[in-house]
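Every chain is named by a letter (A, B, C and D) in the order it is written, and numbering of its residues begins at 1.
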Amino acid sequence: MNKQIAILGASGYTGAELVRLVHAHPNMDIAALAADRKAGQPMASVFPHLGHLDLPDLVKIEDIDYSNIDLVFCGLPHGVAHDFVRTVPDHVKIVDLSPDFRLEDGEAYEKWYGGPHKALDLQGAAVLGLPEVYRDKIKSARIAANTGCFVATSLLPLIPALKGGVIDSDPIIIDAKSGVSGAGRGLKEPMLYSEANEGFNTYGVAHHRHMGELDQELSKAVGKDVCATFTPHLVPMTRGMQATIYAKGDANAVRAHLASYYADEPFVHVLAEGEVPQTQHVKGSNICRIAVFADRQAGRVIILSVLDNLMKGASGQALQNANIMLGLPETAGLGIVPMFP
Amino acid sequence: MNKQIAILGASGYTGAELVRLVHAHPNMDIAALAADRKAGQPMASVFPHLGHLDLPDLVKIEDIDYSNIDLVFCGLPHGVAHDFVRTVPDHVKIVDLSPDFRLEDGEAYEKWYGGPHKALDLQGAAVLGLPEVYRDKIKSARIAANTGCFVATSLLPLIPALKGGVIDSDPIIIDAKSGVSGAGRGLKEPMLYSEANEGFNTYGVAHHRHMGELDQELSKAVGKDVCATFTPHLVPMTRGMQATIYAKGDANAVRAHLASYYADEPFVHVLAEGEVPQTQHVKGSNICRIAVFADRQAGRVIILSVLDNLMKGASGQALQNANIMLGLPETAGLGIVPMFP
Amino acid sequence: MNKQIAILGASGYTGAELVRLVHAHPNMDIAALAADRKAGQPMASVFPHLGHLDLPDLVKIEDIDYSNIDLVFCGLPHGVAHDFVRTVPDHVKIVDLSPDFRLEDGEAYEKWYGGPHKALDLQGAAVLGLPEVYRDKIKSARIAANTGCFVATSLLPLIPALKGGVIDSDPIIIDAKSGVSGAGRGLKEPMLYSEANEGFNTYGVAHHRHMGELDQELSKAVGKDVCATFTPHLVPMTRGMQATIYAKGDANAVRAHLASYYADEPFVHVLAEGEVPQTQHVKGSNICRIAVFADRQAGRVIILSVLDNLMKGASGQALQNANIMLGLPETAGLGIVPMFP
Amino acid sequence: MNKQIAILGASGYTGAELVRLVHAHPNMDIAALAADRKAGQPMASVFPHLGHLDLPDLVKIEDIDYSNIDLVFCGLPHGVAHDFVRTVPDHVKIVDLSPDFRLEDGEAYEKWYGGPHKALDLQGAAVLGLPEVYRDKIKSARIAANTGCFVATSLLPLIPALKGGVIDSDPIIIDAKSGVSGAGRGLKEPMLYSEANEGFNTYGVAHHRHMGELDQELSKAVGKDVCATFTPHLVPMTRGMQATIYAKGDANAVRAHLASYYADEPFVHVLAEGEVPQTQHVKGSNICRIAVFADRQAGRVIILSVLDNLMKGASGQALQNANIMLGLPETAGLGIVPMFP
């Protein structure tokens, strides 16, 4: 029998993407859709492109009947998920797309998100939802805390490279670029078409919230404090993300190590020497493509990592986590071929 | 001595465009900038691209000192300009970019704009600001009512063609396409980058507000009621506008008539047979390019008219009107060469 | 056992799209890929986004071994498919994406394509591949001649409307807009990013090749010669197509008739009154969305029809035809949910 | 009397941009336009957006009559300018937009451009055309060798920072991003709209030709060999360029030093602390905007530098050089206000 799924925050882009994925999933049914401000509306009015699917109408979050629900995707804003998780019955697994359960340390949470962690007692039930790193823990976790999109893009090459000792932990410079959909559906002037189109912008220089997750995971990988430089930029395209990473190491060794580490992973592809990953080649898919280049300066390496921010960077990763948590084949519903052009 | 200019609604796109134009104008100075919600701010914080210019800070509209002002560009929302114009001293000329004074008939105004015309007594002082048609009247007018961008694009070929009797007045079908900047800087979900990008949309089918102006002017051109079909579409680009117009007539006669009519006009260019106008070839300029094609059905004609919606469709036309009203050379400050690519 | 499929012209966009579709199809295998200029290369070097799939290398067209092939998708240029089809063994069904078998009349072919129809003897084995109109004939046809993308977009609303007598056959004005991918992967200056970006262009005014197909099918629908006006435009987006159609008729009657005609069709959706179709809402899917509006002039109607030019306008339609010809469920492999944003 | 100008390579984007600029220049006339493959054509057929200007037709390069020419802008491919310059009479000044005279060292030229420097005897007559650094030498130079666009973007902040000793010379990491127009008008598949749109790409990792110029100038600035890391990326927009630069230094000191260095420069603007430059805010202008941020790691600095690659990165810089060489006001014809949106 198919797993019954609820999607909260279904009126946002990651919500729509989850509907696209779960609808096509061979072992899942969409049992409930929730979005507070749009409660009462059919999905067709919120996302016309889903209008022809047979979907439940949007309800308020508190009106979800969890009795038959197996798993909930929680796409609520940060700070809200802490409280919300308490309202979910124990039999329901949770994939949280917010940052609320990503940081294990309450002080770190408060530093980066400007308010107290309100569910530290539940933090132990949560695992960072990066399947290629934490697969075993995710299997038995109650809560998978999906990583941020920048974080997934950066950690997929960096964690194995650091663990394998093929790059130094300092300096690590992550020059990151994101498509505009990463900013979500909120109404902000810089996200208007006429403002973002035909322009390249930098934001959150040296103080982007995703740094907390980066610090935590990079530090865990080497067993000491790591503090990477991280600069996010906004690219005039809807989907796609790239991290250009500068570190010390030998390119051949890094490439070989990553290729070996990811040899059996279905969604992380390490390219052969000389091949260049492009965001347009992973669009709509759950694939992350990684390439390693020798810098012109001996002993320095340039790593490129690309993915679709709404997929492997958000909803695709979330579904991958859900598959693991529910004992389904990890690739179920995720074999989508990239759409190009 | 340079003419002193005030720009109201300077925090919007047409306002920014007017600053760009007036700043470079050899006979004008920017004496005041106003925008109610942003009053008190420097232009640099509202439009960083203008930050290096020596501009007055934004003030509230009621705080403008008109004593030295020669002309005001009024970029206020419809319904507001009616009242505002009464507050402007008599010695100040007005170019109104809102629709408030475009419709000569109070009932027509109410029909299209959903509220009463509050300044019918001043309507007589206003002339539609389409220089190629109403130049003589604009010279002595107190108020030039700038046309809408769709209207300029459509009327420039249609009025002379109708007056010259080279096309029939029914049917006239105007299939219009606009870049996204035409929607202004307001925060609306369909104008978000991720919503408008990579998509083509239709809006206001059969009931767009610009139809009131079209009706009025097309009817005046032939001396009887004309009711054109008009369908506006949204194109994923920032600037540019095209009207593809279908009518009955002989293409060679229409082309010859328009070419003759516009032979001495600096800003309206009628292309030779076979040449196709493209919006990217007028970007940033005050130029309208018009081409006439024979339809495959004898006796039918297809007219293409393109311009930059923020320039000849708005701020460029406004400056052209201002030049005429102030007795300056009509092309002053408007010789900008299109920017391509 | 799965049907064995060959794809010719696999180095073009419709070829890539067919690989994406057939790869995910539950009842088909990709047995051969051919592209003359790229013969010998792996698909990974021609289309990196397909590099992780287990695909056969590209071969020359004449090197395909047809012994196990059930169906070939033929994406060759016009004029070439005529000769090619003779080389295909009788047991192989053909879906031809070129225009070579769309026109039943040799003179019409010569008129629109500038050379003789070289396979008139085989024309009788071909059926126009518009499933919603010719489904029964396609079932038993040897050759399905996929329609052009503009033609699919236009005919889906027009054929039933004409057959049902709810619109007049004259005048019919089709103002069509296409994303840039419709131009294919050939190297032409107007298709460079810097040329097509941020611009709206018109091409083939009054003499586009797709008119031959339109004439033929519209005329068949009413049993007399029909000659529609047709103006194609290029929109700065990769995928998507819209036809804005102007005709005489009653909007409610047209909408009701189309809704009834398409009530059971999985891929053609007629929208409720007031809903507006947008190309971004069908991206990547095989869906055509149609809406009908009353013009402001009584007795005139505006029909909007949108689809993804590479999908329902090309490769999706081709797969739908293949499903029908091979006796598979018509929707197999085509349930792709549109990708938005 | 106006200076008489010839523009070679006028059929490319930098050529069109030079026409736009020189046409509007108060002290220059366009006396000749040359482009070998398009010789004999009017500019209107090569660049329709310039069609309304009164311009000379394109001629072959060898057909230019230099008798009245004061200065030639040479936009020929690398390797060609070496020979060409010998054909230009001594009284004619040259602004070379190719890389042929940028590298002072013949071996360096051969290393980066794959062929011998064929005019080393003339190299001494050439000065790197970076006005903010080499203004005095440019005044009396016969040849100004315009820098590459990436080089201008990088050197404008780096040279004064290195000379001032406020950053270390190692490591310097330049993560650079360019709009597509930087690739020129040549027909290459990756530059097709459907390939470059909606994607982010990296190219020339660790071996881009501009590195030769960077090495030379950075080394000269500190008096020892400097080897910066440099990674260029392609952004889906037509114009705009950003360098995100990572180095060691104190942000406040760097910002203060650059602000002081550029205090009187009309085209290089150093932003106040916290302000972020965006490429869309310099579009169409000759302005470079620079901002300096403290990295989260003490003692490290992030410098952002943005400009319009066709203007300050190419044709605008070229005109600035020409003004200097001809004794005209350096800002003449370059006061263009950025166009936004």
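Rule of thumb we're sticking to: a residue touches a chain if its C-beta (ideal position, glycine included) is under 8 Å from a C-beta of that chain, and two chains touch if they have at least 3 such contacts.
What you see is a predicted model, and the numbers here were worked out from it, not measured in a lab.
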Which chain pair shares more contacting C-beta pairs: B-C, or A-B? B-C
Greatest Cα-centre separation from chain D belongs to chain C
How big is the gap, in whole Å, between where the Cα atoms of chain B centre and where those of chain D centre? 36
Centroid from C-alpha atoms only, then distance chain A to chain B, rounded to Å. What do you get? 45
Can you check how far apart chain B and chain C are, centre to centre, with Cα atoms defining each centre and the answer in Å? 39
Where chain C touches two or more other chains simultaneously, the residues are 13, 181, 194-195, 197-198, 236-239, 278, 280-281, 283, 341
If we count contacts the way the header does, which residues on chain A are in touch with chain C in the complex? 13, 16, 19-20, 23-24, 47-53, 181, 198, 238-239, 269, 275, 278, 280-284, 287, 335-341
Chain D residues touching chain C - in the complex, by the definition given at the top: 13, 180-181, 183, 185, 187-189, 191-198, 236-238
Show me the residue ranges of chain D that touch chain A in the complex, using the header's touch definition. 171, 173, 175, 177, 179, 194-195, 197-203, 205-207, 211, 227, 229-231, 233, 235-240, 242, 244, 246, 276-281, 283, 293-297, 300, 302, 304, 306, 341
